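Letters A, B, C and D mark the chains in the order given here, with residues in each chain numbered from 1 onward.
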Amino acid sequence: MKKIINDPNEVVQDMVHGLVTAYPTKLKVVPDTLVIAREDAPVQGKVGLVSGGGSGHEPAHAGYIGKGMLDCAVAGEVFTSPTPDQVLEGIKAADGGEGVFLVIKNYTGDVLNFEMAAELAEAEGIQVEKVIVNDDVAVEDSSFTTGRRGIAGTVLVHKIAGAMAENGASLQEVKRVAEKVIANIRSMGMALTSGTVPAAGKPSFQLEENEMEIGIGIHGEPGIERKPIASADDIAAELVERIMNDMEIPKESEVAVMINGLGATPEMELFIVNKKVQSILKDRGIYVFQTFVGEYMTSLEMAGCSVTLLKLDDELKSLLAAPSEAPAFRI
Amino acid sequence: MKKIINDPNEVVQDMVHGLVTAYPTKLKVVPDTLVIAREDAPVQGKVGLVSGGGSGHEPAHAGYIGKGMLDCAVAGEVFTSPTPDQVLEGIKAADGGEGVFLVIKNYTGDVLNFEMAAELAEAEGIQVEKVIVNDDVAVEDSSFTTGRRGIAGTVLVHKIAGAMAENGASLQEVKRVAEKVIANIRSMGMALTSGTVPAAGKPSFQLEENEMEIGIGIHGEPGIERKPIASADDIAAELVERIMNDMEIPKESEVAVMINGLGATPEMELFIVNKKVQSILKDRGIYVFQTFVGEYMTSLEMAGCSVTLLKLDDELKSLLAAPSEAPAFRI
Amino acid sequence: MQLDVNKTIQWMQLTNEKMQANKDYLTTLDQPIGDGDHGINMARGFQEVASKLNEGTYTNISDVLKDVAMTLMSKVGGASGPLFGTAFLKLSTKLKGEEAVKQDIFGTALTEAVSGLKQRGKAEEGEKTMVDMWAPIAQFFLGDSNVTADGLLSKAESALANIKEMTATKGRAAYFKDKTVGHQDPGAASTYLIFEALAEVWKGDSER
Amino acid sequence: MQLDVNKTIQWMQLTNEKMQANKDYLTTLDQPIGDGDHGINMARGFQEVASKLNEGTYTNISDVLKDVAMTLMSKVGGASGPLFGTAFLKLSTKLKGEEAVKQDIFGTALTEAVSGLKQRGKAEEGEKTMVDMWAPIAQFFLGDSNVTADGLLSKAESALANIKEMTATKGRAAYFKDKTVGHQDPGAASTYLIFEALAEVWKGDSER
């Protein structure tokens, strides 16, 4: 394991400290927690937005804190959902009297811990609503299983729900647009190499020198298929096709595109993938309203990428284009 | 070599295409070149800013094109300076009648190709001025050698010179502030692993499993010392110390800090480095005006980071804080 | 079996030792069919449990188990944190007022823990989770009227062997579907350690 | 030696073949003391030179060399592109009007190329760059009044051997300082291939 860290068991504490000292006018840490909040949180009269999850996905989630996006992010240990008491601290820090909205990625741990926190908050008289993001089409969805994972699409839920909250919308209204995003967003990823959890000290999985894995999860959970590395064009085409097989995107639709790097992939490669994604969409008569290329939801130093498509209507377009001051998502 | 690419000899063309299709309202490509320009370039009545260099350093340089920063970026092959004819195209595309300013990193290839382009442009009646950025304190500076390399500090030269040009300053004024930045900026980097040039197919150098290299260049050129990996705190302290040994930063100075990832390093680790850098500066009574943490000047998928410190005065502060619409540097 | 305050504390201390000793093993189990953090999570959680119990003075079993529950809840994280937290909280609630816990009441409390787990995790038996460890052990205590520590050990072992051959349909392992067959469930393996520790304390094997 | 239009084109075509064949070798030389692109750069540049010369019809040496220079200048990039471009541009200028170039005038043209190189790259002899290949070869043609192709080869070989032991103070290799001793300079090695091709064409060895 080659990492620039101090104690592997203290990476999250160190990171949180390094994050708030990087943006002291924008972010603050709730004392004695791993909860990061907008400097001016709680914003009175605004619905508070809280997200979070295991660490190792930076800039998710704390990078998305700021006017127009999240109020609070709760950082768990690496790849480990934060505990209910921490999430509760986040909810309290975000509560400006209009209720708090939780954006949860669909992993058993995240759902359990956030739900328990919501119960605790409600017991303290805070109104809480939530959505569970499950954009990853690599996983079959069934009511008998855990269901689809939440991956990079979560960032656009933050953006749009955040813009809605910033507009002064009610908790129910925020929930409505967040659910609309979730209904219209799909992602699919692939990896070339594994990340290494610092405290584990060795890579979570192994791929052969010529192998890639399609549909991999952001904790290194398995995908659909391991096979020889294909060209960027073929990879892009496969990811888009799997998304479109799952969600119809009719001709003349408008979409947002996110090409997300998983940690170690050079930005050059993300742009090469984007080239093909754009040309596929163009060939299908689909209009691209806005494209995001970069590292939005990573998996430590995993090499690979994901593609996210979000079908837009006028409401979603205006919320997506609204200003955001979050350090990792400036609009 | 594990990469998401098509033909290894076409990576730059593919990338440039993917870049302008990602930001079609912001960027355009000069037809039949690898020159990317602001959508509205040339901006009449404004000094044009042109930079560029070998590819593989993304988001440098095209990510820094936009109102308030560069007008044009010229992309060479991977790790290879662009040729004079390409740079000339960039100069022409940026020329709004007030002259063109070149920001060149101090590598023999960059200097030769940009200088030849400047001669060609002057022959065509375009006024050209330039600076050569050499912020890397890892290299000894001497008039008998090639001198110091230009690394991540270059991005802040773009930012500040770009803001000055956007303010309507003359070519000489832009040059003056760019030179002021260069006089006050120093960087130092380190690496854990090497990147791989796509057309070469194998890593440029090898470090042992427990080894790091201090002072490495962004093309993988050698540093000062190979030694066992130290803690993030020790690494941060060494990088800062080497910078401060080279440039005095008196108590009560104000500085900008950049913690730059070289490609494969998780953002988590950059924040851990930042934590220590901020605490060292605080202990020395130095004020941090603004901090930038992220991937600004990469070296393909190299794991490692660099620290940049820029001493500020009031003029530099206001130019640094001025708005920028460049995709990779939004302020 | 008879569990008093001291034995309960001993049980938890021994469990902590086992979690520390098996930290890498549990993490290794979580790598092929999970995300490689389970050993780290459990070692962190029980380390805190051990310190917490060292600091406090306890007069009844319920309070010990409540502190265990709350500590696991706030220190483990992931899927297993709230689940172990819930299980121990149910034990604590059910054993309130008990001073010397015998086989039958312990079995009833474990049955409560199992329902709590199922409700929290929305998992049934047979889905290859820690539930498949807790449930047969609860039944074990309610079964034969004179169970032994060795009986507990062999019950736990056979449950673990069964789980290994199941297909996961809940938790992160569910993504790996058929590939989980033949792999041990990390949460079941850590639950095994908890009951192994109980059996050892029960036998008085452990001289700690 | 006598160089006419056809021989010049042959020289460049053979150089291209050598650059393609030695692409990986040159890149490998550029990895330990450079940035691992020299072979890629030269192969790309001379590939374009070869196509360019294939397309055109030439009536004099100067035009051939001018196209070589301009193509290298606009296709190689890096440090070596403008340098080789400059060298060939000087050859072209100096050989303007010549139809059958003999040893002495070729030597004078090479001397011009060397000054061009030194001016462009601000390098002197002894700094472990391609200059240390071009300079002794220019002298070679101006020396003995009856030089041979084999003489050229052995001159080029001995120059190369000398360069290997130098310490780089210019170009990217300068960062590696003392570590460059014992490593071959990639630009010198590619220059060697250019003159090796010349020697082979001169000898008529090459049947292409």
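What we mean here is this: contacts are C-beta pairs under 8 Å (C-beta built on N, C-alpha and C of every residue); 3 or more make two chains touch, one makes a residue touch a chain.
Since this is a predicted model, take the numbers as computed values, not measurements.
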Residual chain clusters - subunit B taken out, nothing else repositioned: A, C | D
item: Topological distance between subunit B and subunit C, in contact steps; value: 2
item: Chain centre separation in whole Å, for subunit D relative to subunit A (CA means); value: 54
item: Length of the line joining the C-alpha centres of subunit C and subunit D, rounded to whole Å; value: 75
item: Geometric centre distance via CA averages, subunit B-subunit A, whole Å; value: 29
item: Cα-centroid distance, subunit B relative to subunit D, in whole angstrom; value: 32
item: Where subunit B touches two or more other chains, by residue; value: none
item: Residues of subunit C whose C-beta touches two or more other chains; value: none
item: Chain contact topology (line, ring, star, complete or other); value: line
item: All pairs of touching chains, each written as two labels joined by a dash; value: A-B, A-C, B-D
item: Interface residues, subunit C side, partner subunit A - complex; value: 27, 31-32, 34-37, 40-41, 44, 73-83, 120-121, 169-172, 174-176, 179
item: Sites on subunit B touched by subunit D in the complex; value: 9, 54, 76-86, 107-109, 112-113, 116, 139, 144-146, 149, 197, 199-200, 204-205, 217, 219-222
item: Residue numbers on subunit A that touch subunit B, as the complex places them; value: 2-6, 11, 14-19, 21-23, 55-56, 58-59, 63, 192-193, 195, 209-210, 212, 229, 231-233, 235, 259, 263-276, 278-279, 291, 293, 295, 298, 300-301, 303-305, 330
